[in-house]
Amino acid sequence: MTMVKTLFYLMGFITLASALFVAASKNLVRSVFMFFVTLLSLAGLYVLALADFVAITQIVIYVGGILVLILFAFMLSGKETLANLQQQNDRFISISKLSALLLAVLFFIVLINILFKTDINNLQWVNRAVSYKIDIKPDSPMTSNIGINLMTTYLLPFEAISILLMMALVGAAHLSRKEKNA
Amino acid sequence: MENFLQSIDTLTIRFALAAVLLPLLAFVVNICLPGKKNKAAGWISTLAILISAILSVFVFLKVWNQHQVHQQQLWFTIGETKLYAGVLLNNLSVLMLLLVSLIALPVHIYSTAYMKHDENGKRYFAYLSFFCFSMLALVVIDSLILFYIFWELVGFSSYLLIGFWYTRSKAVLANKKAFIMNRIGDIGLLAAIAILFTVYHTFDIDQLFGTNALVRSTVFELPGGWQYVAFGGIALAVAAKSAQFPLHTWLPDAMEGPTSVSALIHAATMVAAGVFLLGRVYPVFTELELNILAIIGAFTAFMAATIALTQNDLKRILAYSTISQLGFMVMAMGIGAYSSSLFHLATHAFFKCLLFLVAGIVIHEMQHVKDEYKLDIDPQNILYMGGLRKKMPLTFIAALVGGLALIGFVFTSGYLSKDGILIQSFEWAERKPLLFQLIPISAIIASFMTAFYVTRLIVKVFFGEFKLAEINPHIKLHVSDGGWQYKLPLVFLSICCLFPVFSLNPVLYEHAWLLNGFPKITGLDRVNIYHTIIPVGVNILSLFIIYWAYAVYIMEKALPFPEGGWLFRLSYREWYIDKIYSKIIVGPVLALGNLARWFDINIIDGFIHLLERIGIGFSKIADWIDRNIIDGFLHLVASIVLGIGNFARSFQGGRVQYYLFSMLAIILAIFLFKTLF
Amino acid sequence: MNILSLLIFTPLLFGLIIILMPSDWRFSFKYITLLATLIQLGLSIAMYLQFKSGPEHAGVNAEGSFQFVQKVHWISLNLGSLGKMQIDYFVGIDGISIAMVVMSSVVMVIAALASWEIQSNLKGFFSLFLLLNTAVIGVFCALDFFLFYIFYELMLLPLYFLIGMWGGARREYAAIKFFLYTLFGSVFMLLVMIGLYLSVKDPVTGDHTFNIIQMMNPANYDSGSVFSVLAHKTLLGMPARTVGFVVLFVAFAIKVPVVPLHTWLPDAHVEAPTPVSIILAGILLKIGGYGIIRICVGIFPEIAVSGAYWLGLLGVISILYGALNALAQRDLKRLIAYSSVSHMGFVLLGIASLTSEGISGAVMQMVSHGFLSTMLFFLVGVVYNRVHDRDIYHFRGLGSLMPRYTTFVMIAFFASLGLPGFSAFVGEAFSLIGAFKSPSVNGALPYWMAVCGSVGILLGAAYFLWTLQRMFFGSLTLKGGEIWKSALNDLNTREIFSLFPLALLALVLGVMPSLVFDKVNDSVLALVHFIGMK
Amino acid sequence: MNDLLPFLPGLLKQVFEGVPLFMPEIYLSALFVVLLVTDLIFGKNSAWICKIIACGGLIIVALKDVEQLKFVVDENQLFFYGMLFLHQKTVAFKLMIDVLSAILLLYFNWDNQLASHKKGLTDLYSIVIATVFGMHLMIMATNLLSIYLSVEMVSIASYLMVAYRAENGISSEAGLKYVLFGATSSAIMLYGISLLYGFGGSLNFFRGNLLPGLMQVNPLAVSLALLLFLVGIGFKLSFVPVHFWVPDIYQGAPAPISAFLSTVTKIAAFGLLINFLTPFVFFPGFSKIFDFGLFLSVVGILTMIAGNFAATLQKNLKRMLAYSSIGHTGFALMALVNFNADKQGITALTFYLFAYSLANIGAWMLATYFSNTANAENMDDFKGLGFKYPLASVAFVIILISLTGIPVTAGFYGKFLVFSSVYTVYQASHNVWFLLLMITGAVTTVVSLFYYIKIPLNLFLRKTERTTGFASTSNYLLISIAIISLLVVCLGLFPDFLVK
Amino acid sequence: MIGLSDFLIVSAGLFCVGLYIILTKRNAIQVLIGIEMMLNAAILNLVAFGKYDRLNNGGQMFALFAIVLAAATTAVALAIILNVYKKYKTIDPNEIHELKD
């Protein structure tokens, strides 16, 4: 158990630290790569939460898809922009930064406060699930469970999201494509 | 028999109605006549008033000292109150009816000549007929609300006639002043009527003030303060209409109208309406209120007389004299000499009308002179006149008769009525505290002063030489008495100024038939000695004053005085006294007159102007409030709206991160708010 | 078809005809409008002649005693547990309405005649004019609150455009001010109306109802409802019925207008073209007074009784304040506008007295002011059309230049300042008599108010006479010199035809007030009885 | 071996049972595919075909909606495992959306800006159909997942629509702001959902133990979760404080798109809000944890004030309409405080939304019309146009009156019904907030007049200084505007027409 | 076992960092990264809670859908950002404020 715990803390630390680095870094490319680290460590956390399928999806879609897309966008927007942006970052005046920081910290305090107030570890339904043994165990066959759910309970969202993706595809393609006479 | 009486009454009523409505008909016909200056207009009006006068005589004979006739019919219903309109003929109303129509007739005849050359002659006669209608209706009507209506309509027609020459700005100012001052009185009257209605639920004059007067009954009582508000209202109305202190200043100004109008309206009839009102509502007054009336009347009489002493404008002198005489009447009402007051009203109407007509002729002729030689003079100023008696003998005689009547000289009607008032005022003052003695004393002084200014007037105008000719020798005076339209009224009115018309006994006023028509004054001790001393004393002294005045104004020029040699000698012997008089009395009296006039112009009118200015000041303030505070408040609201709008907009700076920040901050704030409260 | 509905919708019909006609025929529009108003006048006179009087036809709070009634189901929305929302097309008149309806019809004819001066965009003008016409007549006839409100609001827009498009220099400002003021009042009126609707139940069907007459009966209120007489509910700490009364009163007081809600009026009047000024002053102000009588006093009688003091106070303030303001004006139209404020103050004072004399006087004053203000604004329009100036100081001695005009001006002025023999006198005098009577009869008003109200008559004389003296009398001097002199022709035949009937009406009503009082009397008595006052 | 395997037949049966209740949506998805295929087959010139297909398809869908009424005569249908929910009002909302979308689709290529878009409008039609699909889901959603999914679907489609005119800088800017704001909102909403799920243990709030679960948890935590969740819905509805994006986006987007966003999307969001609120409001005791009545009142008041007051200062017509639509959201929220069993509030809301949408579409059409014919964008540009374009201007006046809520227009009845419904609750509860709500509603109505009236003011009361003859006629647009304004008046005269 | 609160604290931290990034970064793509961080924080929550929901498996399913939706959103957002870049030659959201009051 302690190994899992240690792993968890490690992952958690990496997640937060890399996220903070992303927030603090003045170098754009570096921050993007640090975000990559964040996402990966998050996938690790998912695994620790016994959601291996989600973790895989995270790596495939987020790391493989989204991040590549972002990098691609960087490339498309040209090298000089990158330089420009870096410079701008340097010139950043910190008043708005400070207030943003204040806001973020306040939110954090509120969230943490709430978590402690709720006594999150002793939620009724969680306890009931544990006692009825319907919580996920490391050996639960979750992938097939997901498969069946996708075809039954979550059939509607599953089908709907296909239309959504199609639409997003059409739209994004429309926006990005160059018209010959344009 | 009953039926017969009934039908006679109906006939009487019909006659009275016809007498009232004929002038209205004339008015309508005149309005519809084509052209501005239609000769027919004058004759239509005159014919109408002639018939009215004849009918009035008939009505008078039917009603005078017999039972009163009262008929009415439903006018309209408001709420549960039924308002009746009708005719109430009793001694008071038929006397007034007769008086008004009899005075109006000569004035109409006179006017046909007087206004012959005016280009708006038609309008003049229309107005005049309208006035006659209103005035006649006023005297016969039986309901207070209708009384008010005609009360204001006479004021309105007076407004129209004063401003008849509306291109003269003085005339327009004068008629505005007249109307507004009358309006003040009207409001008082309306308030009084409303109060009476509130308490007694009726407007009917007969019910209210007739034989079984509601106002005397003990069933209803006016609440304490209300009684005095009602009285105040009536007093205000009387003061405004009858030109009593302090609302009298419009009357001298009203002389801007045609002189014939002044004769009819501002001397004989309309101004008497105030006294008539007092007569109508007499039962409503309490002892205290009557005293106040007496004081007002006496003071007005005295004050106006002093002012008249120093005026040079012919018509103004007469106007002040009218105010003074009206003061006598009001005072008479106040001391309870109800009948004497009305008597004086009647006699005064004739002689004052006569005097105004005389003045009209004189002014008319002076105007001719002025036009002929293109002089820059005021044709009404008596200082430019003189010596007219030779050129216009009839006018002179008429003036003499009228003047003596005004003075109250024996053998004239004025003697009968005025001495009656004086005697009764002394009798009345007998039982009063010392201070009240001032009232008869001031009345008698006013009476003496009357003698003085009348003499001055007549002497200045008719005696001596023509002053303009003295200044400017080549001016020739071609004047005359004028045509029959002038002469006939003068003769008629002059006759009416003599004693036989009112009483066969020229000395004792009590024997006048008119007095018998009204309740006798009660409760006064008859102090016989006054009945001898006062008339004799007054007359002798008046005579003396007449002579003195004559001497002051004519003898200085060492003119022969053939008619009264013994008087001349007397005067000559008393020369020093005369001088002392002129030092001790004339001077101060003149000064007093001037002072009073000054007081009039500066204090009373000044006060009125002050009020006006305050009014305008208030109106300016109100205007300012409107523009700045009320609209300012609106603008404030508008700017608040815009302010909130701007605040809401201030987030919309176009920067999306700022939007996000605001959103998150607000959400956090909402949450924290919920947490904390 | 019901004659009342015919009366209401005839103008609308003609308006539609005008809209559908090609613009080339624009010069016939005014004749069509005139025809419409004349038909309307004919109908209203026919109604007047058929109108039955007597206590059994008093109207006010008895549905059966209204006349020319038409009641048709109009809107029914099913609202679940609240039952059906039943809105009726319910029109009918009683004595108070008939006076207003006939008066409005007359004024409309005159306004149509005054529209000859309109030169631009005739189609728009006349169709809006006729729409407005429908709305005002509808307001006077509606007995369903909802219908009343619809007509009430329907007046706003045509007026906005009529002022805004054909008005004077500051027309935008005036139009917006008018619109906002009125809408401010009416939006809150809507809230109270809904509250009343949800409080009142038709005793027959058990549904909520907008029927004004049923709103007058305390027994029809739901026991727990906001406006129930017995429940004594509060709104924001104040008694709910008081709040309702005040809100409705404010809405109508804006229309009347009552000081201090009056400042839209001078602006609107001054900027509006003559026909619109005529309608504004002649009819719209009466809607305020009518609304106060029919709705405020009718639905909240006990508040009217307890609040009479304040109503009277506002009335007196309006009388004096309006008159003082009039005294300070140098624009002739503004002066007349303020005089309207003053004159309408008498209406409020009369109503506040809660006596039959006072309320009858108020109705009379409204009718009379309808005719007289029409006349006054028409007269101002005459001189304005000729020289496009209204400044009192720019004219002098018009009397000799335009004698007929001056005659009518004098008639109008003197009639307005309450010269006996004209209708205004009857109205003002009985409003005041009511006010004088009130302290001793029902104690609604204190003594001094009546006295102060009387002073208004004096001030009225002051500003009218001053204007006469300043503008019409004296020797002729004009700011515009010879040009003006040649432009200032005397009245033409059309103008005389418009003015003469008004003058005649004012005179006839002054001499025979029974023409109005006979019709009004039973209703007023019923109202006073209903309020519980004598 | 698997927990779920034994239940599989039963689960599948539920799917098949749900299909008949899902017919309009199936038609919609088919329509979407057909459009894509048409685009592919006919290429660039397929715009008009796509338009016809899309409009026709939507009409068919609307008919299918009507057919659905028979399923919900007196009972509510939950199907697809409680993902979706069908009842009378849902059908009514869907019908409204379909009809209005059909009208809007017609309108798209009448706008000169959109019509001149080089890349054609076919993609836009597909996107719109997909959006309509998403909105159908939104209205029916009763599960946190279906809610999130449908919201996202509509959001993404909206981003695409706003940014559709890629060649136009303003449109792109609007798109950027929209996507950043929208994505943030949805992230926040997702966080809220995750908390709700965590606290309650279920995604379905109609059935299951989500609500009982929430009752056990610290009320503050639930409030926070709900607040974060409401941010997402608020983003769709644009109420305070999630309204900041509205003016910029409506102004930047082509007018038809703004019309779409301000009407149809809003209706869908209200449908969603109704569904979401229903269980919470009726759950006994929940109001102690989070008082939706109070929340809606406060937000409603703030929204009305923010929208209406800020609108008074606008000079650009589109921007003003944007602010006014914020104000209208606030007003519509008012109706929801009356959330009792008889659905009076919902009836009022439905009517209000329809009246508002109709008039608002008319207003945006007019914005297009004047922009097309007279190049008028700002208030000043409208000076004196009333005489040049009388029919359109009169229609504009009617529509603005309806938006203000003055009789005799549909908008008045909307306001009237909303006030009535609030009054009813007030009468029952005597809650001061409801009174304040009504007063604010009344005051902002007056304020709204203040800015609406600026348009007629410029159209009719002012004289033009411009003499430009930038003329391109839009007759179809004019006809549909006239029809809409006529409809607005007819509904004003006989509002019971609309009761379904 | 790892307590739920631990996951939640991490997610809360991540959420707030994302929030900070959104508010401060002057590059639209970085803002997008911030949004993704917030999404991930939520997903982490879902997954953590989903551990106790085996039968419906709501948490994990939701997480899957959320990831896919995030991808779609990102794709669309990037397309828009590229368009903006073409027009403005910058993708600083603070520099782009032609639309404002």
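For reference, chains read A, B, C, D and E in written order, and residue numbers begin at 1 within each chain.
To be clear about the criterion, a contact is a pair of C-beta atoms (placed from the backbone, for glycine too) under 8 Å apart; a residue touches a chain by one contact, two chains touch by 3 or more.
It should be emphasised that the depicted structure is a prediction, and the values quoted were computed from it without experimental measurement.
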**Fill in**
Most remote chain w.r.t. Chain C, using mean C-alpha positions, is A
**Request:** Please find the two chains that have the most C-beta pairs touching each other.
**Result:** A-E
**Message:** Per-chain Cα mean versus the mean over all protein Cα atoms: which chain has them closest together?
**Reply:** C
**Asked** From chain E, which chain is the farthest off, judged by mean CA positions?
**Response** B
**Prompt:** Approximately how many whole Å separate the CA-defined centres of chain C and chain E?
**Reply:** 64
**Request:** State, to the nearest whole Å, the distance from the C-alpha centre of chain A to the C-alpha centre of chain D.
**Result:** 30
**Complete:** Note: chain E sits from chain D at a C-alpha centroid distance in Å of 25
**Request:** Round to the nearest whole Å and give the separation of the Cα centres of chain A and chain B.
**Result:** 104
**Fill in**
Note: chain B residues in touch with at least two other chains are 649, 652, 654, 656-657, 660-661, 664, 671
**Request:** Provide the list of chain C residues touching at least two other chains, using ranges where the numbers run on.
**Result:** none
**chain D, residues touching no fewer than two other chains** = 3-4, 145, 149, 152, 156, 159-160, 163, 166, 176-177, 180, 184, 198, 201-202, 220, 224, 247-248, 310, 313, 450
**Prompt:** Quick one: which chain pairs are touching?
**Reply:** A-B, A-D, A-E, B-C, B-D, B-E, C-D, D-E
**Item:** In the complex, chain B residues that touch chain D
**Value:** 641-642, 644-649, 651-652, 654, 656-657, 659-660, 662-663, 666-667, 670-671, 674-675
**Request:** Would you tell me which residues of chain D are touching chain A in their complex?
**Result:** 1-5, 8, 11-12, 14-15, 18, 29, 32, 36, 80-81, 83-84, 118-119, 123, 126-127, 130-131, 133-134, 137, 145-146, 149-150, 152-153, 156-157, 159-160, 163-164, 166-167, 198-202, 209, 213, 216-218, 220-221, 224
**Request:** Mind listing the chain E positions that touch chain A in their complex?
**Result:** 1-10, 12-21, 23-24, 26-27, 29-30, 32-34, 36-37, 40, 43-44, 47-48, 50-57, 59-61, 63-65, 67-76, 78-83, 85, 89-92
**Item:** Of all residues in chain D, those that touch chain E in their complex
**Value:** 3-4, 144-145, 148-149, 152, 155-156, 159-160, 163, 166, 169-170, 172-177, 179-180, 183-184, 186-188, 190-191, 193-195, 197-198, 201-203, 247-249, 251-252, 310, 313-314, 319
**chain A residues within the chain E interface of the complex** = 1, 4-5, 8, 12, 15-16, 19-20, 22-23, 28, 31-32, 35, 38-39, 42, 45-46, 48-51, 53-54, 57-58, 61-62, 65-66, 69-70, 73-74, 76-77, 81, 84-85, 88-89, 92, 96-97, 100-101, 103-105, 107-108, 111-112, 115-116, 120-121, 123, 125-126, 129-130, 134-136, 140, 142, 145-146, 149-150, 153-154, 157, 161, 164-165, 168-169, 171-172, 175-176
